[in-house]
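Input: one structure, supplied below.
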Amino acid sequence: MPQPDHVSALGIPDPADLDDDLKAVWAKCVEKLGFVPGVYGAYSLRPQRLRNFMAMYNEIMLAPSGLSKLEREMVAVVVSSANRCYYCLVAHGAAVRKLSGDPELGEMMAFNYRVAKLDARQRAMLDYAWKLTTALHLVDEADRDALRGAGLSNEDIFDLSETVAFFNLSNRMAAATDMMPNKEYHRLER
Amino acid sequence: MPQPDHVSALGIPDPADLDDDLKAVWAKCVEKLGFVPGVYGAYSLRPQRLRNFMAMYNEIMLAPSGLSKLEREMVAVVVSSANRCYYCLVAHGAAVRKLSGDPELGEMMAFNYRVAKLDARQRAMLDYAWKLTTALHLVDEADRDALRGAGLSNEDIFDLSETVAFFNLSNRMAAATDMMPNKEYHRLER
Amino acid sequence: MPQPDHVSALGIPDPADLDDDLKAVWAKCVEKLGFVPGVYGAYSLRPQRLRNFMAMYNEIMLAPSGLSKLEREMVAVVVSSANRCYYCLVAHGAAVRKLSGDPELGEMMAFNYRVAKLDARQRAMLDYAWKLTTALHLVDEADRDALRGAGLSNEDIFDLSETVAFFNLSNRMAAATDMMPNKEYHRLER
Amino acid sequence: MPQPDHVSALGIPDPADLDDDLKAVWAKCVEKLGFVPGVYGAYSLRPQRLRNFMAMYNEIMLAPSGLSKLEREMVAVVVSSANRCYYCLVAHGAAVRKLSGDPELGEMMAFNYRVAKLDARQRAMLDYAWKLTTALHLVDEADRDALRGAGLSNEDIFDLSETVAFFNLSNRMAAATDMMPNKEYHRLER
Amino acid sequence: MPQPDHVSALGIPDPADLDDDLKAVWAKCVEKLGFVPGVYGAYSLRPQRLRNFMAMYNEIMLAPSGLSKLEREMVAVVVSSANRCYYCLVAHGAAVRKLSGDPELGEMMAFNYRVAKLDARQRAMLDYAWKLTTALHLVDEADRDALRGAGLSNEDIFDLSETVAFFNLSNRMAAATDMMPNKEYHRLER
Amino acid sequence: MPQPDHVSALGIPDPADLDDDLKAVWAKCVEKLGFVPGVYGAYSLRPQRLRNFMAMYNEIMLAPSGLSKLEREMVAVVVSSANRCYYCLVAHGAAVRKLSGDPELGEMMAFNYRVAKLDARQRAMLDYAWKLTTALHLVDEADRDALRGAGLSNEDIFDLSETVAFFNLSNRMAAATDMMPNKEYHRLER
C-alpha cells in the first residue's frame, strides 16, 4: 500500500504563508539539503514554537561542545531507538552514517547499540543515554561518576544529558504528530 | 540528616559572573518570586542553553494557547509523576495549588491523577500525557481522535503534546543534575 | 471540579450503627486527631475485618521494634510511592512530616526517595522496601545480608518486611475502595 | 542437591519455648493436618504478629462470605502466581486441588489462570485479582462495575479485595523469609 | 466447570488420516508413554512442520550434549515459567520430577527457580535461561563468560542457548493454539 | 572503531572441515547470494542442529502457505524489532526491501511497524506477532478471532504463529552467539 504522505497528522500551514524569517529557513534547507526536514514542517503549525525548537536544536547539535557531532548523533539515535521513534531513527540514522562514513554503525545505533565495538567513553555515554531515557528516576551520582571516569567533564555531562533530554522531547513530538521523514533520508550514505 | 543543599550535582557558576541579561533574569525572579528557581541555577552552567530553555519554557507555559495555564501545570505534574521527578513535582505541584486554589488537586496530580474528579476534557488530556510519556511508540490516530472528541483543536493537541514533551526534557535535566527545588515551594499555597 | 467526597466507593455503614467497641475507637480518634481516618470508615463495612486490621496496624506501626516510628512511616510512604497509592501517600506523608519535623523529607519519600540524603541504614531499608514491593520474586539472601550489614538484626528484618508487606495490603484496600483521605492530612505539618 | 530444610531464613524459636496459646495452635495443626504450616513457624519469631496474622487469615479464608472457600483459594493462588511466590503456590495450590477435587484446576491457577474454563463470575474475580496485584494504581470504578455485573455485591467486592490484598502481604513475608513449604503439600490431592 | 478438552484451538486432523510415518510416531508414543503428547496432535495440522519440530526437539532434548537430560528439562521448565506457558510447565514439569526423582524440584523450577538449592553450574545456566528469555537484547560477553566460569564449553553454551530458544518457540506455539496437556502428566511422579 | 568481524562469539569450525552436504549448502549460497549467511556459519558449530534449523527455516519461510513470502518477512522483522535483534533486523530488513521493492517499508517494520499504512489483514498479523512475542501468556481466543475476522484460516494462523515462534528462537540464537550479519545485507535494495 502507498505509505503515509503527510508530514504531520495535525496538518501544516502552506509554506507560502510563513513569516519571512521562516521562509528564509525553508530556502536555506532546500539549498543545503535539497528539502525541508519534516520536523520543521510539522512544527510550523506553531511558528514561535518552531523558532524556539530550532534555536535549541542548533545549540545542542551544532554548537561547540566536548562531544563531537558524531557522538551527539549517536546519542540521538540511541534515545530514539529506546523510544522506537520512526522519524528520528530515519533522519538521525542517516546523520550517523554520514558523519561516521560507516553505514553499519548507523544501523547498530538504531537496532541495538550494545552490539557495536565502541571505546569506553562512547559506551559509557550510550549506556547513560539509555538509562536517562528509560529510567530517569534511577539516575544518580554513580552514573555521573561513571561518565567522569570515562573522561567527561561536568560540562560534557551537561551537554550529553541535554542531548538525551532533547530527543526525548522531539521523539514525543514526532509520535504526537505522526511525523513522516523525508524520503531522501532513507537512501543517504548507504 | 541534613538534606542536599546543592542546586546541581554538576556545579554552577557564581551568579556574579553571569552575563548581564541573565543577571537581569535573576533580579526579576527575586523580585517576583523571592528566589531564583533552581532550574535556572542548574542550567546557568551553560548560559546559551539556559536562554533557549527559558524561551521555550515561557512560550509553552505562559503564551496564549487553547490550554489554560492551570491545565498546562496539571500536565507538567502528571508527566513528572510518571517519571518520578522530584524537582518538577515540588515546583509545579506548587503551581497547581496556586492556580487552582485547591491543595488537594495538586497532590492528586502528583500522586495518581486517576483519583481526581475531572471533566472529560481534562481527563482525556492527562490520559494522553501519561501515554505519550510512558509509551510514545503506541500513540496513534485513535489517541488524537479521543482528544478531538473532548474538544481539542489540532493546535491544542500540538500545544498539549509539546507541554508533555517539554517536561520529558526537563524531568531528565533534573535527574541528570540532581536538581534540588527551592525550599520555598514546599510550603506554598497549602 | 469538586473532588470526591466519599470515603469508600463501596459505601460505608452509618457510624451510629457500629458496635460499641468501634464507636469507642471512633470517639478516641476524634479526641486525639480531630477526625476518624478514612481507612477506618472504609473498613467498617466489614467490622470484624476492621478489628483485625487495626490490631495488625497498631502492632506494626506502634509497638516496640528495632525500627523507629519515623523509619516505619518512611517505609510506609516509599511502598505507597512505588504503588502510587493516593490515600496512603497523603496520610503517611503527613506522618513523616510530623515525626521528622522535616516537610521536605516527607515529599522526598513520596516522590522519589533516592534524592534524599539518608544514612546507610535508612537507605538500605528503603531500597529493600522498594524491591520487596516491586519484584518480590527476586529477593534473596544477598538482600537480607545487605540489611544485616547495615546493622539490622533478624527481628528487625522481620519487622521491616512486615511493614512493607502490610502497606502492600493497605495500598490495595485503598485502591479497591477508592479510599479518600481526610482533608486534614493535607495541611498537616507543612 | 538437597533442597533447603529451613522454615525461615531469619530463624525461628524453639516451639517448646512458645507461649501456651501458640503451643495449643501447634498441637491443633498437628492433630488436623499432621504438621504445623511453615508460615506459622516463620511468623513465630514475633509471636504477637503471628497472632494478628492468624486472626486476619482465619477471617479472610474461613469466615462466612459471599465468596466460597474454593473461590478464595483460587484468588490466593492467582495472586501468588502473579507474584511468583513459591510457598503460597505450593500450600494454596494444594488447597485448590482439595476443595475442587480437580488437580488440573490447581495447576491452571498456579501456571496461567487464563487457560481455565471458568464461569463469568470466577473469571471476573481472577482478572480483578491480577490487576489489583500488578497495577493497583489503574484500578477504578469500571473494575468495580465489572464485578457488580458478574453478580458481586459491595461486600463481596470488599472480601475479594481483602483476599487479594492479604496474599500480597503474605507473598512478601514468604519472600522476605525464604519461607519453605511443608513437604506434605506437594503430594496432596494429586 | 469441565476444563477444555480440545488439543488445539485451531483444530486437528483425524489421526486416521495422517501419513504413515506419523501414524508410526503415534503408535510408538502410545506404546512408550500410553498417549500421544498434545503438542504432536496440535502440530499435525501441518504435517511437514511437525516433522521438522520433532527432528529439532529430539536433537535438542535427547541427543548427546554436555548438558544432562535433567538439566535440559530444568531449562525447559524455567523458560516456560518466565513465559507462563501452561502446556510446557505441565509436560516438562513432569519430566523434571521423573528425571530427578524429586517432585519438589519440579515445582521449584515451575514456580520460582531461585528458591532451589542448586550448584553454581546449574544456577548459572538457569539465570542465563531467564535472561535470554526475558531480555535477550541485553545478553553479552559477560553472560557467556559467567557460563564459561561455571565450566561450560562453547559447545555447551550453544546447546544451552538452543534449548532456551527452542522453548521460546514451543511456548509460543502452545499459546497460539491454546494447547492442552494430556491429563496423564499431572499425576506423574508425584 | 573497527566493528566486530566474528560470525559468532562461540567460534565456528573451518568451512573446509564441514560434511559434504553442508559444503554443498555453502556453495549454493555463494552461487545464489554471493555469500554464506552468518546464521549458517554460527550454527555450523553443531552440524546436525544446523540441518534441523535449515529444514525448519525453509519450510516456514519458503514453502507454500496462505501467507505471502513478503508477509512472512514482515513478521520476521516485527518480531526482531520487538526483541531488538541486530542480526535478524539487518538480514530480514533487506528481505522486506527486496520483496516489496519499498525500502521505507523495510525501515518501518524494523523501527515501529505502527507508522506504516497497512491493510487490515497485515495490521492484524503484525499486532498478533507483537503480542505473541512480548506477552504470550495473554494470547487467547479473542486474538485468534481477530485474525479470522481479517480473513485468516486456522492453517494461516498456524503458519503465522510458527513464523513468530521461529524468530523468537532465531533472535535468541543471534543474541546468544553475538551473531554478526554479512555486510552485504546493509546496502541491499536501498
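Going by the order they are written in, the chains are A, B, C, D, E and F; count residues from 1 in each one.
Here is the rule we use: a residue touches a chain if its C-beta (ideal position, glycine included) is under 8 Å from a C-beta of that chain, and two chains touch if they have at least 3 such contacts.
The structure displayed is predicted, hence computed values, not measured ones.
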Mutual neighbours - chains that touch subunit B and subunit C alike: A, D
Chains contacting each of subunit A and subunit D, listed by label: B, C, E, F
Equivalent interface positions on subunit E and subunit F, same or different at half: same
Euclidean distance of C-alpha centroids - subunit C vs subunit D, Å: 22
Distance from subunit E to subunit A - Cα centre to Cα centre, in angstrom: 44
Approximate Å spacing (C-alpha centroids) for the pair subunit A, subunit F: 29
Subunit C: positions in contact with at least two other chains: 84-85, 112, 137, 140, 178
Those chain pairs that satisfy the touch definition: A-B, A-C, A-E, A-F, B-C, B-D, B-F, C-D, C-E, D-E, D-F, E-F
Touching residues (chain side subunit F, partner subunit A) in the complex: 1-4, 81, 84-86, 89-90, 102-105, 107-108, 110-112, 115-119, 178, 180, 183, 186-187, 190
Residue ranges of subunit B touching subunit A (in the complex, touch as defined): 9-11, 45-46, 48-49, 52-53, 55-56, 59-60, 63, 83-85, 132-133, 136-137, 139-141, 144, 154-155, 157-159, 161-162, 164-166, 168-173, 175-178
Subunit B residues touching subunit D - in the complex, by the definition given at the top: 112, 114
Residues on subunit D engaged by subunit B in the complex (per definition of touch): 137-138, 140
